[in-house]
Amino acid sequence: MTLELAAVMRRRGLEVAFTVSPGETVALLGSNGAGKSTVVELCAGLLRPDSGRATLDGQVLFDLAAGGAGGGGAVRPDTFLPPHARRTVLLAQEPLLFPHLSVRDNVAFGPRSAGESRAASRRLADEWLSAAEVSELADRRPGRLSGGQAQRVAVARALAASPRLLLLDEPMTALDVTAVPAQRRLLHRVLFDRSVILVTHDPLDALALADRVIVLQGGRIIEEGPTRAVFAHPQTEFTRALTFGLDLSAGPAMPGGGPDSAPIIGV
Amino acid sequence: MTLELAAVMRRRGLEVAFTVSPGETVALLGSNGAGKSTVVELCAGLLRPDSGRATLDGQVLFDLAAGGAGGGGAVRPDTFLPPHARRTVLLAQEPLLFPHLSVRDNVAFGPRSAGESRAASRRLADEWLSAAEVSELADRRPGRLSGGQAQRVAVARALAASPRLLLLDEPMTALDVTAVPAQRRLLHRVLFDRSVILVTHDPLDALALADRVIVLQGGRIIEEGPTRAVFAHPQTEFTRALTFGLDLSAGPAMPGGGPDSAPIIGV
Amino acid sequence: AGTAGATPGTDNAAGQGETLTVFAAASLTETFTELADRFEEANPGVTVALNFAGSADLVTQIREGAPADVFAAADRSNMVQLSRDGLVDGSPAVFATNTLMIAVPADNPARITSFADLAAPGVDVVVCAPQVPCGAALPALEAAAGVTLAPVSEENAVTDVLGKVTSGQADAGLVYVTDVASAGDSVLGIPVPEADQAVNEYPIAVVAGSERARLGASFARFVTGATGQNVLGAAGFGAP
Amino acid sequence: MTFGVPRWTLILAAVGALFIVLPIVGMTLRVDWSRFGALVTSEAAVAALLLSLRTAAMSTVLCLVFGVPMALALARSRFPGQRLVRAVVLLPLVLPPVVGGIALLSTFGRRGLLGETFEVLGIQIAFSTTAVVLAQTFVALPFLVLSVEATLRASGARFEAVAATLGATPGTVFRRVTLPLVLPGLVAGAVLAFARALGEFGATLTFAGSLQGVTRTLPLEIYLQRETDADAAVALALLLVAVALIVMVATHRPRGLS
Amino acid sequence: MTFGVPRWTLILAAVGALFIVLPIVGMTLRVDWSRFGALVTSEAAVAALLLSLRTAAMSTVLCLVFGVPMALALARSRFPGQRLVRAVVLLPLVLPPVVGGIALLSTFGRRGLLGETFEVLGIQIAFSTTAVVLAQTFVALPFLVLSVEATLRASGARFEAVAATLGATPGTVFRRVTLPLVLPGLVAGAVLAFARALGEFGATLTFAGSLQGVTRTLPLEIYLQRETDADAAVALALLLVAVALIVMVATHRPRGLS
């Protein structure tokens, strides 16, 4: 499941090109407003770039000539695959749980849309809810969840849809400190053999989960490479600030690692 | 500005009582769903407890008999001060910027409501926007902000309202790593001489900003005390997990502190 | 009369189960409902379906191809319009007349006793607009009485004039004799001697192209005949 | 709890409500109760009421079938001339009675635009119960379109986007996300459409005529009764009001998204 | 971009739109254009149009003044009998023409519930332009209340709560948060109310009467013209349609919150 993407979106000042290999997890880093959410929304099909081309496993996601939307004289016609046909799943920055469905039905929504039976979808949903440690909320309406609870359910919903490409925009937001290691373990298990783009502000998440990092600034890629290499030898001010106080001398940071393997962050 | 609060809210399984002294910053810690947001919303007047009493600086915020809303035979009539009369300000877990106002007018909303002139409010707003390092967004509509940008503006809007009691529900959410130290410095400066309740999942925020911590679990207070004392000798599993890997031997954690003063967190 | 489920325009075997569709002015609702019943009694197997609306409405409907067999109008001009379009079979027959009368609320608050009183200042008089039958006769009446009215409202239908008087909204109104009769004791009728100078005539005719022209003609004769005149006379209509 | 209801607005609200309630009460006081039972159970009244209920229900179904897609198209897509289309769709609101009927005759009447086509097909629309349903649908459709469109716009398209990224096809999104989210607006719109259809008068009279049991709905019966017996008309009007009230109280339950 | 519009709905939407558009077009085709200019510029027509515009504008203002508070009370507060109140407020929608007028007469008429009070106060409503405005307000108010209430419910009270925590009094919240957020619904409701007032016929006829320049609005003039000259009526109806279209296209711009 290789993602190849090149896109320009002028309204957001974005111009990027990169590739995600099969099974690879890429962390998208960058300061607020750098364009991280824009990139994942372009992949998901929620935004339409001005121009560019993206393919997933050879299938064209979009292919838009520089002439602009529906440009006249182009020989190649513009292509824009709608989100539901892309088999990508986006966990957006806000949980956006369906207010009219129970927590269980929210999580079962992806499997149902993929054609699973009602019973099978519910079973799947219950499995994912238990993996996200929120089984006891299954029958609630989203309006009656706390912020962190809603976020966990949203993660379960995204993972349950079992996509070709998983797009996670700050999946750890609002989680309490006791939940973070478990969540990281869950993601590590799930992301293992999938293509994933993970937006995060936490260098520990990147270290624990990502094979490679891409650093955005003002809509451009300013740094790119294997996670440990980039963090060990930061080239830009942003990555220096990010890794400042992070001790990379210890072994690979793994979920559930003890204090001896713990990197350090400055306040 | 002393806050004295005792409240029971059965629907959320909450029963708490605590005090915030003038100028004191209290960090509210606890796992997801513990009741932190409920407590600050009770203080702000967005929720009505089943029973309890709260005073701010001697002024009654609410005073509700156990008999239930408008209970019959009570001698003392029920009191419930509406939010706008409380002079408390709540930064909620979601930014909820007014979609129809520019970023500047969002921040100027509090001062305007307090009776400032239009020009003075705007000047104040610009000052707070620059303190939150988002001056360049002043003329945008909230719909055109990134997640972290919206969060910063929401913080500026809450601070600009200069309340007697400031209620901050996860003010650091969605902020990028380069912004966190600056934001912490800003809060430290602002919170210095105010009564503040700060909800957070980050022990570093608590260390850097709070004089005292209150730990909630299942709607009850399970631990309480000066920050450094609680963190140095955690009594509950939650605080142990929270402070796990946090090195408190170094001097007090202060915003802008160098790597030598940096505590450590486990992954 | 109009039985539920009767489908206008269905062409049943002649005689048995025939439905005659009669379009009649709304002011004829009561009398024509009774006449239809009597006609059905006299002609077993015949059903009369009645369609009531303002005369102008009915003209529009017939022009647009409504399945009418007989048309009874509340004035000549609507019938003339229809025959000008070639939609009338034969020549219309006048089957009733009506004359104007002053109607005042039962307690007669403005103490009206004559047509001349209507012109007094402060008296709210309501009349029909000149475009509608009950108003068309008014100028003739005014000329005959030598009085010019300054009405506060020129209504679209005589029903609306009567409504204003019964509700006490107006001090007086000019309506038909039959309206005063049907309004019972909620209004008081004051005759206008000059009213016979402006008589309104009600014509009836078979509609051109009707598949039941013979039955229609017999209904029209029934209305102009003795039974019809009895029923109409009882309601206050004048003889043709 | 609510925080944006200044007290002075409650006074204005009460005056506004009284302005509508008082006339309805006033009308009730005019009813001659000794005759009420007999008046509303007369053969003609019952036939008219049944016809009204039947045709209004059918019109409401037609409004739902065509109106929801129209609202969706207006709220969720962009096409040239959209504003003009929306304005035209609302026109039946402004047409005085009779004029609506003339407009319908000009299209579906025997001599209308489509009349001849229908005639060839052996379909007679004008002056039949079908015509009543069409007339009611014509005047009621804008109500449904408006209610649903407003709810669609207010609820926004964010949840639909989420559903699409989870792999739901447009059909699934429509069925499982859009429809349930706008359900309150949909019910409100359907009740309005039903109420409007129930009260329809002018277009029916002109386009469908007034034949007892076939096209004479309750409003037409009221109009006719008024020719001879104003009391009877008021009694029947009260019957209509009661029916409308029952339907509205039973079904109109708009809710917010929170 | 939108993700919940299945393609088959567009076909239904087009059929629905045609069902409304065709009769309007059909009506236009009936107009005798050689006489059109003369007909719509006749003294009676111009007087009726001006009166209609004036009274409809005044009714719209009254609807805004009383309707917005009513919508606020219905959407944002809870009180016993709320559902009944909402249903009653919607009743003018269902009243057939004439019946609305009878109801108004029973309250504001000379012998009505309040009529004598007004008489004592020296306020003469009968046969005046005021009566026209009252009749139009009576039938148009439900439209405004409904639109605004739906928008209020859909936009939710979250932003109002935020404003209150920032120290805004209910008055300030209403002015600076609630009103701007429901503005699209407000404008839509006002346009609807204006349109409905413009087309009002039955209640005006029964309650206010019909005198050129005083109470004879355009719909009444159309109805009257029809008695003698159907062509003239259609031409005037087209004038009414054109005015309504212009107003709607110029102002009706509903927008979502996104």
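In order of appearance the chains are A, B, C, D and E, and numbering begins at 1 in each one.
The rule we apply is simple: a residue touches a chain if its C-beta (ideal position, glycine included) is under 8 Å from a C-beta of that chain, and two chains touch if they have at least 3 such contacts.
What you see is a predicted model, and the numbers here were worked out from it, not measured in a lab.
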Original post:
Among the other chains, which touch subunit A and subunit E together?
Top reply: B, D
Subject >> Taking each chain's C-alpha mean as its centre, the one farthest from subunit B >> reply: C
Original post:
Which interface, named by its two chains, has the most contact pairs?
Top reply: D-E
Subject >> Separation of subunit D from subunit E, taking each centre as the mean of its C-alpha atoms, in whole Å >> reply: 15
Subject >> Inter-chain centre distance, subunit A versus subunit C - centres from mean C-alpha coordinates, in Å >> reply: 80
Subject >> subunit A-subunit D separation of Cα centroids, rounded to whole Å >> reply: 48
**OP:** Just give me the whole-number Å value for how far the CA centre of subunit B lies from that of subunit D.
**Re:** 50
Subject >> Overlap residues in subunit D, where contacts from two or more other chains coincide >> reply: 1, 3, 98, 102, 112, 158, 161, 163-164, 168-170, 173, 177, 223, 226, 230, 257-258
Subject >> Interface hub residues of subunit A, defined as touching at least two other chains >> reply: 46, 82-84
Original post:
Taking each residue of subunit C in turn, which ones touch at least two of the other chains?
Top reply: 60, 163
Original post:
Name the touching chain pairs, would you?
Top reply: A-B, A-D, A-E, B-D, B-E, C-D, C-E, D-E
Subject >> subunit D partner contacts - residues on subunit B that touch it in the complex >> reply: 46-48, 82-84
Subject >> Of subunit E, residues touching subunit B in the complex >> reply: 158-159, 161-170, 172-173, 176-177, 180-181, 183, 257-258
Original post:
Which of the residues in subunit B end up touching subunit E in this complex?
Top reply: 44-46, 82-84, 87-90, 92, 96, 98-101, 109-110, 112-114, 143, 157-158, 161, 163
Subject >> subunit E residues within the subunit A interface of the complex >> reply: 1, 3
Original post:
Where on subunit D is subunit C touching in the complex?
Top reply: 47, 98, 102, 105, 109-112, 115, 124, 126-128, 205-206, 209-216, 223-224, 226-230
